[in-house]
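Across the two complexes that follow, chain A remains constant while its partner is chain B and subsequently chain C.
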Partner chain A sequence: MKINAENMSFRELNEKIRASRGRRVEIENMLGQRYTGSGCTGKDIHISGIPGNALGAYLTGCDITVYGNAQDAVGDAMNDGTITIHGNVGDAAGYGMRDGKILVKGSAGYRAGIHMKEYMEKKPLMVIGGKTGDFLAEYQAGGRIIVLGIGYEKQCPVGDFCCTGMHGGVMYIRTEHAPELPAQVLCEDADKADIKAIKADVELFAKKFGYDAEELLNAHFYKLTPNTSNPYRRLYVNN
Partner chain B sequence: MPVNYFPAEFEVLRNYDKCISCRACERQCANEVHYYDADFGKMLAHENQCVDCQRCVCICPTGALKIRPNENSFRKSANYTQPLMTEAYRQAGTGSVLLSSMGTPKDYPVYWDKILLNASQVTNPPIDPLREPMETRVFLGKKPTQMKFDKNGELDTTLEPSLTLNVPIMFSAMSYGSISKNAHESLARAAEGLGTFYNTGEGGLHKDFYKYGANTIVQVASGRFGVHKDYLNAGAAIEIKMGQGAKPGIGGHLPGEKIKEDVAHTRMIPRGTDAISPAPHHDIYSIEDLRQLIFSVKEATEYKKPVIVKIAAVHNVAAIASGVARSGADIIAIDGFRGGTGAAPTRIRDNVGIPIELALAAVDGRLRHEGIRNEVSIVAAGSIRCSSDAVKAIALGADAVYIATPALLAMGCHLCRSCHTGKCNWGIATQNPELVKRLNPDIAYKRLVNLVTAWNHEIQEIMGGMGINSIEALRGNRLMLRGIGLTEKELQILGILHAGE
Partner chain C sequence: MSFKEGEVRIPAGCAISGFINRSGKRVSGADIVKSISYMHDRSNGLGGGFAGYGIYPEYKEHYAFHVFYDNTEARVKTEEFLDRHFDIINLSRIPIRHIPEIKDEPLIWRYFLDPRPTKLTSSQLDEKEFTVKCVIRINTEFDGAYVFSCGKNMGVFKAVGYPEDVGRFYRLDEYEGYAWTAHGRYPTNTPGWWGGAHPFALLDYSIVHNGEISSYDANRRFIEMFGYKCTLLTDTEVITYIFDWLNRKQSLSLEDVASVIAAPFWSKIDSIEKTDPKRAAKLRYLRQAMSGLLITGPFSIILGYTGGLMALNDRLKLRSMVVAEKGDTTYIASEECAIRAICPDCENVWSPKGGEPVIITLNEEGKRRCL
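Our next item is the complex of A and B:
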């Protein structure tokens, strides 16, 4: 089904998506309509133009592809499905996401992957091709975040205050330049086993956006994990 | 010899003439206070572990026990009080932040106790609620501001989604994790029995309780625990928690020890990991951002459910509430600083925020002044202790009230303020299976129903005395209130006259 979103309100657009019979939905002339695919299930949504904020919030098993840039709060608290962005993404992408994948060809704004979490077989993934703004993965509690830094090889591709409050999950950064990190985060050189662990993720990214996975993987990665000595336990005394 | 800088807070007084050494107190105390000493042939106590939860006193078959404050006292000072000195010793020993539970015990003014209610005499006679109908049903949500007609001239009767409460009282948010499964079950069944609502708090909704969805408010907080599409659609309303009265401006931290299998499953986080709720929602930095979250949950639930935004009562609460009312929220819950909590840093709990009475009056006044009072309903929370507090809150402008501490009391809580230790001997604020099974939901839910039913009778009687037969006519009816012993400024903020005026 094709939808021309020109001059259409977000509410009408979402109603049309929900009401569509088939799995595939193509949206053209999108211009900032918010909440597209919010809580949506079982659709394959293709977007030309620029979707507005909160694209794919609470997404439950939908695929969304954006042939351009996306704005803020992409995949807020999403549970399943894949969001593919053939451009850059705004702030607060993947906030509190629990499962599913967010793949961004370009860069992400501030506060990406905050409070990403995991539970049993639910393990979310976010791959950013370029760089990210400050506060990446604050409070990370689970899942995998991979920053490839393509085109930013001469600098650290993540901003300041990366991983503040991280207490679970893992992050990989493809760079020679380690970020400044809080004492509660462990930063190691990724070894062969680590590279193997992210091989499928990077291959997926490369396939979606036309890169050579071998080439991307044949570089230095840092692996960031929470320091096992829990930084929060000793914070309080009973009163 | 190690020095103990501060003595036990409580004394365990055991009447050995009555004590039969049955050791029931020993078995009942998760703090391991009581023990049997074979050499002495009698029960003794580790008094420094006692939290004064009164469980042993209530369970002792011979009435042999009393717990009372330790009479030992540091040298008296009105400035450096014994609690302040003790807290300094605790922190000097650990280097840690003081952590407390439940509402502040400090002696701040309670305005409910300085407000008196009116009654009819001679003219506009009182109404007997036993003889005449007395409406306490409340509808929460946006109210239409004008009549609309369709093309054929027919009145448009579609309304925004709302909640229908048979009593103007709901159970406020307490998460599964901070309180036990049996406590949640009791609240859910009581809400169903009363025709009102309980609130999941931010810990998700246990799979066994989806069946109470019609009486459930599901909460979305900064940690987004257990939030997914089915959860959002499970409840009758969705509450976005921006703040909590007991700890405005900070997040939550449920320690890993409380994250047992079932709690982990409900929150959807691994067992034994800390559940940390960040202080802010990291996607909300403005009213516009709040509007975005409200509409994203509305889209996910197809505009079928009202959205509540819960804010803590802080200095600028009226301006904040005005923003919230314009953000698309259907209901605003305002939580005063004397409200309870499962765990909060002591200094925050005891010093941050303002009383609900002043916040409520300020918000209601502001929204009326701006002509947007009908855009939202107001729920007052944060130490509504009894039915007369509820009546005063409604007369100050609330549509309904949230209660939590009285609900805990109904289930047996004795306000020992030790929820954060996870060793609740009453089976409420614990995940220890041995302790949890002490709370029987079959009994506890009836006690909750009894409490609220009794309050509702009292509300009807008070309303009847005023000559009012509908809660709608009480809402914002400040003429029914008079202050006693309040300053001009306090009366001005509350928008009420002094007694005698």
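Our next item is the complex of A and C:
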């Protein structure tokens, strides 16, 4: 089903998506409508234009593809499904995501992946092709974040205050330049086992956006995890 | 029971947009109205406004006052005052379009003024300072009168309503400017009142602001030491006065003003020290000397001034801002959709970092045309 979203309110657009019969929904001329596909299940949504904030918030099993840039709060608290962005994303992408995948060809704004979490078999994944703003993965509690830094090989591709308050999950950064990190985060060179662990994720990214996965993986990665020997128990009060 | 701003405080989301043609090509106000309309959902209908630069070329040597009056009595009293202090070159009601979306409008008048030479000489002030003093006096002492725009060759248009309706109300499609800014308001600290809508302006400085300043009272106490009066309890007013004081009166560059109000963290200054000790020393000086003007809390602002626009985020970047270009025009907005709405094929779309000012000025051709 095709929807021409020109001058359509976000409410009407979401109602049309939900009421559509088939699985595939193509939205054209989108310009700033918020909450698209929020809480949605069982649709493949293809978007031309600029989706508004909170694209795929609480998403529960849809496949959303944006053929351009997306704005703020992509996949806010999403539960399942895949969001693929062929451009850049704004701030706070994947805020508190619980499961599913966000794949961004370009760069992410501030606060990507903050409060990402996991439980049992539910492990969210975010892959950023370019660079990110400050506060990447602040308070990360679970899941995997991979920053590939494509086109930013001469600098550290993540901003300041990366992983502040991290206490779970893992992050991989494809770079030779280690970020400045809080004492509670452990930064190691990724070994063969680590590269193997992210192989499928990078392959998925490469397939979606036309890169050579082997070439991307054949580079130096840092692996960031919470440092269990230096926990937070004395960060605020002496108890 | 109704309250005006300044009389009550209710414990903000907003939208901002702006663009400037660096070559000074004047563009209809219809474009900025269209741009801000795509962020309708960021506002709640309690305030919208616009600032246009280069809109009064035939009167560009004169101060253009835009004034709200509650009643004719306030107008008569204020005009007596204006007549004593200024030569009135021209006066008229600002043309409006009556539409059902905009109600309860005050009397809205426009004056083109020159300070009276005798008054100006005896005041021993420069022309700008004389004008500022007169505006502050009207806004604090004349009940029912409020000057909401007082720059040269620029003007603010604002009201209670959604911005796209405010733009139609003021017939902005009939004005042309080389730069425009716009604001859609979602007031959370004060009830929406016409004077409290953005932009806030003093002389040719105008501010549109999305955010919530937690340092308001510290900033207010500091700036009121220098003769400003914050009458509205809204944070945007104080930002306008800070720009006026630092840029006009203290002659700080706009880059340095950004380093005062969105000063880098001490940890950041320490790391700059390693590579550029001179810059670190300057940043340290600005932070220490003017700590009372550090603005904390989330904000994204666009400052308009004669010949340029400046965009700035708080250093944590707690509000969104996107910049894009196409040809000689640079666009700034809270959301990319507001730029694409008026420039679908814009290029170099990027988000400035927190605390990183983006300053765009007229080029030589633009200066020749517009200044």
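The rule we apply is simple: the second predicted complex is superposed on the first by the 232 of 239 C-alpha atoms of A that agree within 3 Å, B and C clash if a C-alpha of one lies under 4 Å from a C-alpha of the other, contacts with A are read in each partner's own complex, and residues count from 1 in each chain.
The rule is simple: contacts are C-beta pairs under 8 Å (C-beta built on N, C-alpha and C of every residue); 3 or more make two chains touch, one makes a residue touch a chain.
Since the structure is predicted, the reported quantities are computational estimates derived from the model, not experimental observations.
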Per the contact definition in the header, classify A:90: touching chain B only (first), chain C only (second), both, or neither.
second
State whether A:31 touches chain B only (first), chain C only (second), both chains, or neither.
second
Quick one: is A:133 in contact with chain B, with chain C, with both, or with neither? Answer first, second, both or neither.
second
Quick one: classify A:165 as touching chain B (first), chain C (second), both or neither.
first
Applying the document's definition of touch, where does A:79 land relative to chain B and chain C: first, second, both, or neither?
first
Partner chain in contact with A:205 - chain B first, chain C second, else both or neither
neither
More chain A residues in contact [chain B versus chain C]
B
Scan A:71 for contacts with chain B and chain C and give back first, second, both or neither.
second
Under the stated touch criterion, which partner chain does A:221 make contact with: chain B (first), chain C (second), both, or neither?
neither
Pick one for A:122: touches chain B only (first), chain C only (second), both, or neither.
first
Need the overlap of the two footprints on chain A, from chain B and from chain C, as residue ranges.
10, 34, 53, 72, 91, 135
For chain C, which residues count as touching chain A in their complex?
38-39, 41, 268, 271, 316-317, 320, 322, 335-338, 340-341, 349, 351, 353-354
Which of the residues in chain A come into contact with chain C in the complex?
10, 31-32, 34, 49-50, 52-53, 69, 71-72, 88, 90-91, 109-110, 133-135, 159-160, 180
Provide the residue numbers of chain A that touch chain B in the complex, in ascending order.
10-11, 14, 18, 34-35, 38-39, 41, 53-54, 57-58, 60, 72-73, 76-77, 79, 91-92, 95-96, 98, 111, 114-115, 117-120, 122, 135, 138-139, 141-142, 165, 167-168, 230, 232-239
Which of the residues in chain B come into contact with chain A in the complex?
87, 90-91, 93-100, 220, 222-224, 227-229, 232, 253, 255-256, 264-265, 268-270, 273-274, 276, 278, 282-283, 292-293, 295-297, 299-303, 345-346, 418, 420-421
